[in-house]
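So, here come the structures, one by one.
Two complexes come next, and they have one chain in common, subunit A, joined by subunit B in the first and subunit C in the second.
After this line comes the complex of A and B, so read on.
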């Protein structure tokens, strides 16, 4: 019989490499955006508006993926848009993770009134439609990168808190935690040194998934024109413009859409792959 | 705990949650910069006019006082007056609710249909390439949210192969007087299938976008439960009795495997309803979500509050129904 496990590992390996590869490519594009973009992402040229991508007739050599209705280069805008997307993914993802996982750990390990308060907040948060909540927060906080990051942390901390709370409850009942307490360890000390390392794999998986979600939230906010500013190119903003001129210039929509799609897929495949790696049964 | 006691306890928590939502949204909305009153008046309006209008909308009182007034009204079904349209919020919100409900229901039906068929096919063809393909498709559908599926559908069936409408709820040329806001139901009841077809060709794309992630979840979980059930004794017994594979799956395995999926569908349905906000915007569908985004952009505080509360009401109601029906269906919980 074929060794099923090695087959699974090999397939997973390929997925991990592909997703990792795309994200590295994106990170490089974001880092070196000013040097590798063929054009200035903000430069408008009414006479070069809605140029098609390179393989279609009527394309111009300096604009490989065509231009939008204001004559701005699609490829350059995408490369610069990667900066916002990855920046938001890293910063907002990490902050959401810190806030959510800490609250979840405290609620699950200490139980009692901290758990009561945190769980009640989670219930209230779950009753909000997340997209509407984020749009409302941006309207309150004003547009800009900081506002988006705050909005993502405020909406999404429950994702971590719910899962980590459940895990911490499970860990808290284990023998090793009980024996640490019997041995006279302080409760907070036990939480950090004994419980946290055991829920860390779950935290890492959730963090990877959250980065993909953060990219989507930023895109949605740019789509409703509530993101950074109209000057800064973002994938969501490009999609919003592309949606309007979809019948005249489909390429303005399709390229940022594809990169958004691949980025979200890569983060989630990475998360799934890590989950399988951490799972002792599969390992 | 009896079912009745359980229901009462759940109602209490639901009430507390809704009260919490009301507090959060009321205070978040009050921090909005930009005076909504200033936007209503022509430039050069006197300070006297401004304060008179503020008094009309109760904006001159303290935030706590405003909250008490608003909550007192809300409990009696009065959600205030919209600042932009100057109509009662309840009236506005109820005029859009049917559109969103119809869209969500249609998405749910599509999700259950696709998810169910995929799970059954995957179980029937287990171990083959078909099952592998279903698993890969599920994985992709799960990791990409409804917003992106909506854009993909717009490109695929709105532009490249334009067989569906990608904006609006009905064709503007449609010659039909609706008596209610439940267009889809009404068209069926009045046997106007031409109207029904027009509505469906508008709703299908946004509904499918909402349905894809849920369909994948259903397919995955139902297939998993079916797989577990297929190894049980009574399924083997049915097989030795000579029943065909199809009828073993449909008659023996499915009824026993369906309960966990039903519970999950209930919970996930609230996420689907939450997704309508951006999907309606994407497809210019005149529902509650689209109205909500406009309200935020126009800083229409009473309207925002009303819509958020209504969404929270729907979410908690769905959760309540799911929880109670699970308790009613599951004998261990019923007598526990």
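After this line comes the complex of A and C, so read on.
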């Protein structure tokens, strides 16, 4: 039994460390982007266009991951792109979580008319195709980082609201909630102090998932040129540009794609790992 | 002696009209243990919930009084009612698995109530909690105070719930089938414990159960409920000697006897159920004409 448990812990630990490690690396890159990127991410050089990555013949020192069709350094653009990706992940993810989880908790715990109103909103929201909805929103709000964050919150709060509502309904039916009420606790108090700690593990998992999703949404919007201005490199923008020259210079597309993939994966794995840490039953 | 808890003419309905409790009268003196028996769906638990103000949101108290220690709960504002109930009454819930908050340590769950609602100092509340855990025969109370609910067995958790119920020295405890979720050995211990604690603290106890054997052991009086209607309310000795209502007699015959464990049990006969159902219908008709 002892062995089984420690094995499980070790496996969970590896997951947590690997995903956390990648995200820390990314955060450092984003923080110190101007100092660590080998080139100016915007500097164009027609004579150094489509240079291959360092292990292929024809590579040039100073451009370790090659250059795109305008001669811009891929690695530097990726490092700068991490700023947008992480910024959007953290801010949009957290805001979406706050809005969605609060509404879900209120709907699930209080039931009655608040639940009726919130649930109908969720139903209506989920009927919109999310990508079209986001493009429409950006069209109305205009491009820019703030618009993207607002769009993500407006589109994705239902993801939290739905799941947290269901969890809160389940927890609300437990006897400990009744006991708290009998002991004289106010209903709102009970929600915050008794129910919330029990849905917190789920909120954490959803939050990290949402951060991954926010990265994807930003990339999608960049891909269709609706993200922020073109003088700020983004992974989505790089993927979009790389797509055109995929047969001549695969590296322009593949490197940002891989880091996008790793980032989204890391966020979801981080969430799972944290949940295991948080949950008193699994701990 | 004036009763500590007096319920008179309590009507609870589901939605607008469907009756759940039909003009229930019930009294409980200080230190008295009253059993509340009836089959599933008879409304036993709903009486307890009506007293504590935790009825499901679909149910409404239509009329009637619930007087707890001289205060008519129905007439109090929400805030005052919470205060009165919090100070004077407590609940021993049915399912020990869901009645403790899984994300909080046992100690906090016992002391919170003393600290938050009754304004105790945390140190004093902790000392009291350890004393209570000791009183309900929990070994290593210090260690248990720091444990999470999932680390303890069902019987242990039920004993902790009993300790928590007695923590604020309430005058009334409502035990809602506290032994249903336990195995037979744990049941016996928990029953003995509740009885012991109730005797020591002089608490009034409303014991909701469908087990007449339990009633005969720890209650002084009992109320038989069928479909939300009180059929019989009497002392335990009188009840087991000469049950007045036909349904009560049938219930008694359906209970295994310790003196004759091999005797075959008689299920409640259909004519008795039909007669009782007619009685309920008659009651409703009479109510409609008033």
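Note that the second predicted complex is superposed on the first by the 267 of 283 C-alpha atoms of A that agree within 3 Å, B and C clash if a C-alpha of one lies under 4 Å from a C-alpha of the other, contacts with A are read in each partner's own complex, and residues count from 1 in each chain.
We take it that a contact is a pair of C-beta atoms (placed from the backbone, for glycine too) under 8 Å apart; a residue touches a chain by one contact, two chains touch by 3 or more.
Being a predicted model, the structure only gives us computed values, none of them experimental.
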{"item": "Combined model on subunit A where subunit B meets subunit C, clash or fit", "value": "fit"}
{"item": "Subunit B versus subunit C as contact partner of A:36, first or second or both or neither", "value": "neither"}
{"item": "Contacts of A:90 with subunit B and subunit C, given as first, second, both or neither", "value": "neither"}
{"item": "Subunit B or subunit C, by number of subunit A residues touched", "value": "B"}
{"item": "First, second, both or neither for A:185, with subunit B first and subunit C second", "value": "second"}
{"item": "After the two structures are overlaid on chain A, angle v-u-w for subunit B, subunit A, subunit C in degrees (C-alpha centres, nearest 10)", "value": "90"}
{"item": "Partner chain(s) touched by A:117 [first = subunit B, second = subunit C, both, neither]", "value": "neither"}
{"item": "Touching partner for A:176 - first (subunit B), second (subunit C), both, neither", "value": "second"}
{"item": "Touched partner set for A:220, first subunit B, second subunit C, both or neither", "value": "first"}
{"item": "Which superposed partner A:261 touches (first subunit B, second subunit C, both, neither)", "value": "first"}
{"item": "Gap in Å between nearest CA atoms once subunit C and subunit B share a frame through chain A", "value": "19"}
{"item": "Where subunit A meets both subunit C and subunit B, residue numbers", "value": "none"}
{"item": "Complex contact set, residues of subunit A against subunit C", "value": "111-112, 174-176, 178-186, 194, 197-198, 200, 280-281"}
{"item": "Subunit B-facing residues of subunit A, complex", "value": "120-121, 123-124, 126-133, 135-137, 139-140, 142, 212-213, 216, 219-220, 223-224, 226, 239, 243, 246-247, 250, 253-254, 257, 260-261, 264-265, 268-269, 272"}
{"item": "Of subunit B, residues touching subunit A in the complex", "value": "13, 16-18, 20-21, 24-25, 28-29, 31-33, 139-140, 142-145, 147-148, 151-152, 154-155, 158-160, 270, 273-275, 277-278, 281-282, 289, 292-293, 296-297, 299, 304, 307-308, 311-312, 315-316"}
{"item": "For the subunit C and subunit A complex, residues of the former touching the latter", "value": "52-54, 57, 82-83, 85-87, 89-91, 93-95, 98-104, 109, 112-113, 116-117, 148, 150, 161, 164, 168"}
